[in-house]
Amino acid sequence: MRLLEYEAKELFRNFGIPVPNGAVVKSPAEIALAIERVGLPLVVKAQVPVGGRGKAGGIKLAYSFEEAVREAENLLYSSLKGHTVRYVLLEKQLKIAKEYYLGVTIDQSAGKPVVMLSTEGGMDVEEIAKKKPESLISKRVEMSRGFYEFEARGMCKQLGLEGSLLVKVSETLRKLYEVFIKYDAIIAEINPLAITENGEVFAADAKIEIDDDALFRQTSLNIKPEERVEDPLKAEAIKIGVTYVRLDGDIGVIGSGAGLTMATIDIINDFGGKASNFLETGGGITEQLMYNAVKLLVKDERLKALFINLYGGINPMVQAANGIAKAYRELKVTIPILVKLVGNEQEKAWEILENAGIPVIKSIRTEDAVERLMKIIEGF
Amino acid sequence: MGILVDENTKVVVQGITGRVGSIQAKLMLDYGTKIVAGVTPGKGGTFIHNVPVYDTVEEAVAKTGADTSILFVPAAFAKDAVIEAVDAGIKLIVAIPEHVPVHDTMRMIEYAKRRNVKIIGPTTPGVISPGKTKIGIMPASVFSEGSVGIVSRSGTLLYEIAGNLSLAGIGQSTCLGIGGDPVVGTSLTEVLQMFQEDDQTKAVVIVGEIGGVQEEEAAHFIKQMNKPVVAYIAGRSAPPGQRMGHAGAIILGERGTVESKINALREAGVKVANRPADIVGIVEDIIKK
Amino acid sequence: MRLLEYEAKELFRNFGIPVPNGAVVKSPAEIALAIERVGLPLVVKAQVPVGGRGKAGGIKLAYSFEEAVREAENLLYSSLKGHTVRYVLLEKQLKIAKEYYLGVTIDQSAGKPVVMLSTEGGMDVEEIAKKKPESLISKRVEMSRGFYEFEARGMCKQLGLEGSLLVKVSETLRKLYEVFIKYDAIIAEINPLAITENGEVFAADAKIEIDDDALFRQTSLNIKPEERVEDPLKAEAIKIGVTYVRLDGDIGVIGSGAGLTMATIDIINDFGGKASNFLETGGGITEQLMYNAVKLLVKDERLKALFINLYGGINPMVQAANGIAKAYRELKVTIPILVKLVGNEQEKAWEILENAGIPVIKSIRTEDAVERLMKIIEGF
Amino acid sequence: MGILVDENTKVVVQGITGRVGSIQAKLMLDYGTKIVAGVTPGKGGTFIHNVPVYDTVEEAVAKTGADTSILFVPAAFAKDAVIEAVDAGIKLIVAIPEHVPVHDTMRMIEYAKRRNVKIIGPTTPGVISPGKTKIGIMPASVFSEGSVGIVSRSGTLLYEIAGNLSLAGIGQSTCLGIGGDPVVGTSLTEVLQMFQEDDQTKAVVIVGEIGGVQEEEAAHFIKQMNKPVVAYIAGRSAPPGQRMGHAGAIILGERGTVESKINALREAGVKVANRPADIVGIVEDIIKK
């Protein structure tokens, strides 16, 4: 779950990472007061949880009161990269002399956090690594040991920093690591860290992404993921405990396991179909969860068929079948459903589905199922 | 032989009295797995499926000589369960739980690695050496004994592909899922190294998916392998930036696409199937040679 | 700094350690409402930061409303073991079947925290170790690794605990370690942990002592040490940054360094004198600190002489001398002062003192100084 | 030889540009101590007392070959300073700061011990081998070169006793304070072991005080020593339960009293002086024998 810039900056402020003076507004009525509190000239920033806001027109400069009001009003409630702008951050403009990059993320191969510093901020870290590799220092961290400020100083030294800048940047980098640890982050990034003309440093932007699997213990953040997605189907999916990704086709897909579900969609594509979604149940299938999953998809008016592809390893297939059958019956589903279901107690599950009038594929090959599905769709 | 586990592997089930733990323990016992102990704090002294339950792994190991552990504990307790198992002298830990916070995963892997203990997972279906032992949650029926090793990043796709091979009469030496999370205890490459050393394994199937760079890293190692490797990579139609089911399956920027993985593997001499079922024909061709 | 019982129990509650239902009162007006909120029968407990309250009459049982009011009123504002009772804790009585001891403290020799558990609670841990050593299990903790609940379970097993009691006690012990770490404690103790007749566990008492040297970062506790001591001279000493301990003699002593100051007091005793105090400056002497220290002691009407014994290693002797001279002059000190002062720039310091009319001992032997001091006192 | 340090010891001063650090660095240089570098983050590239200042200890060690560090940093930063020194390859750390939080002390000692680095302190006056080097804050004038080793729990009492001996013409091999805190990096016993091995040291003086059990533990070791040991213990008139100046000097229950310490030492054959000045006579007697 990615925090909005102003939320991330609040965390930074609590940890003593300097951020520009600013105020966030969520309604036009608040704009004037916010401008007065912060002071001109301003940066007006749309708060959406995605990168590339600047290029998309989500960041504006304002030098007069009127200009600031106009830009803030224009951005508020507008749509930016698929997200409605519900918050606008008004920040005092900085006199920036240099921009650095500071980041902490996870090195998946090493299985460790990696702390990164570059004297070339403002572009993303992959770009830095490609264009200015000599400006980028990274250090993997042993978690039981932690990351020390002297190590940040060592990194600064390698990039030629000295004097008070060395002290400020290394302190900021150490604090960024603390934020990363404290909040179960998968990314904590300051890009750019603005170095002002008089040698002060400020986190001009802030990116923090929290591990969804750790939100249960990050209660101080008070995040309700379902309130943070635009797509109502996706919000519903979060509530019922499945993963949903919208695609632009018309064949609904439910699968158990990410790999199988992705493969199913790939095969549907190969057979000339197009999936309307990715919906993956994880290993916690119950009758209710399966019912909810079917209910969620059949709400989607694009659907002309639904294919369910399950394996019973940890998932109970009889319960899954009951949930599908119940949904089919109660929701009076009119589009064709096809189920492929393999694993423990598969015969019992098949029987339940067939008794409910739902066609079942008994082959283990997803290809066979998709072939049959396409025929059903054509014949329908 | 197979890798990692065999008929002599002595297993302790952590969380054996839970809903999932007890069902899965029964299924493993039915398969013939040597489950010698279970652990549930506060349930020490009881029995489940005739398996003695202990309060601590230390006690379970002392009393039964268990050398391998399988975890059925809630995600929030996985880290502590791993550290307990490591301290008790367990040498292989199969970490079933999904949704383990990745910071916990990094900590538990760091702890285990420093003490030379292997972790498979988390978010793994486990490991099966067909005909010998099953330490995992996979449906046993789709596996059969033979000479193909399968290593998969996905659980259910592993079942599909193993099932396809079995139907075609091609058995497996050992099959395992390394886990779907971005950080896992044992990498694709490390499993390939084990298959390379294993006498029973004549060919290896890799089941990959989008996200991360494990397939790309594995390709490096495959260049030095003297066993044929076949692969299938799921997620050709996945949109970038979207998390496909678990944290590991996400395309970020130019990294982790199906194309980069297929290219790297092909360059290393791997035959890459377009669809799961196509694996069968490719493996058959290899075996006939 | 030792927390009061009710403060320690608040921390316990925040960490999920079960404590008895209770309410704290700090004025008679609050007593009735507190009794109603908690319910009878009650334990009425004087809140003073020392052990042995029960024997000293600070813990009373009350079975009726009237009894509870009377006991609480009697304790409130009374004096207990040298402390004024400013708070009284009213707690629901528990039906206790067994009492355990749980503690985390510092093993000084090992330089590590030590976690302790005994099935014989209610007496202090030294007594347990002596009388029932077989009931006491302790485990030293490597701090970078931490203490895990399974280790607590292992300790419980060794003492024969099982079932839900094993689970509850080990969870409590792990949480107690967390409290110890989180709050920079030097002692965190639950003695007794009450095991009730129906198998519940409660921290019936709570002892937490925070490292004074870490109070600066334990800001959430909001402790002002100077407000927590009864002796106004000691409170003043905390404010000016020196250590003061009241003794029952009449010769004031200021020393730099704990060992030297203690030795000075020992020698005064040997020569038939009696020190009124221990006052140690630490290594941060300034002119102001020295002035403050002298001012603090001369307030004490018991004093018939003041002896100052300093070494200039890290401490600047010229500043020390200036501070003493200034205090002597400005405060119009009438009792005799003798100064022994050795170290860097000692000659300059001696000159300052002598010019101010303060006798100086130039010998390095504290014995010589004390001998001279006794003669001055006799002759005075 | 003396113990721990000698004229070849190359010292880096952490916190050299601070008020205390700069004064004390000057006093050490005046004594002849080989201070080869100072460290203050942000002051790298400057000089103080002609000593080059670096931003990190790593750099200081790389450029100057420093092997020993002395800390003049605020108490809150002592732990990080120690870890930095250890990582940079420093072998002996003299931790001057007082009021270091004891949890920090435990962590930094744990870190250093695991990497075989010695810490003296915290709350130590440091260590001096008279005539060779002084790595500490002690006034140089009271020390003189000779054959008596002094190990003290107190700083100023060390000066008093060394001064007394020097006045009587009895010089010292090495004198050090182990630090007044309840937890210290190097114990009384560990220092005695070093004195036992040292050729220059013919007799050892222990300056103890109330609190803890270090003197009692040292008594065990003294039984195996073949050098005479003399002791003085401060705090006979200290009331129990009161912290006498620093956290280490406190009598808790029956532990840490002057009596228990004197008894343990006497039992081990140590001559215990009643007053600091009495040390001189006892040592003179020993030397004459």
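To keep things simple, chains are lettered A, B, C and D as they appear, and every chain counts its residues starting from 1.
Convention: a contact is a pair of C-beta atoms (placed from the backbone, for glycine too) under 8 Å apart; a residue touches a chain by one contact, two chains touch by 3 or more.
Keep in mind that this is a model prediction, so the values were computed, not measured.
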Most widely separated chain from subunit C, with each centre as the mean of CA atoms: B
Chain pair with the higher count of C-beta pairs in contact (B-C, A-B): A-B
Whole-Å separation of chain centres (CA-atom averages), subunit B against subunit C: 55
Intercentroid distance (Cα basis), subunit D paired with subunit C, Å: 27
Shared interface positions of subunit C, touching two or more other chains: 144
Chain contact graph, described as a line, ring, star, complete graph or other shape: other
Interchain pairs in contact, sorted by label: A-B, A-C, A-D, B-C, C-D
Residues of subunit B that touch subunit A when the two form their complex: 20, 24, 27, 75-76, 96, 98-107, 109-111, 125, 136-139, 141-142, 152-160, 163-164, 167, 180, 182-184, 187, 207, 209-210, 212-214, 217, 232, 234-239, 242-249, 253-255, 274-277
Subunit D residues touching subunit A - in the complex, by the definition given at the top: 41-45, 55-59, 80, 83-84, 87
Subunit A residues touching subunit D - in the complex, by the definition given at the top: 148-150, 153-154, 156-157, 162-164, 166-167, 170
In the complex with subunit A, residue positions of subunit C that touch it: 144-145
Complex contact set, residues of subunit C against subunit D: 106, 108-109, 111-113, 124, 126, 142-144, 181, 184, 186, 211-214, 216-217, 243, 245, 247, 255-263, 265-267, 269-270, 275, 278, 280, 282-283, 310-314, 342-344, 364-367
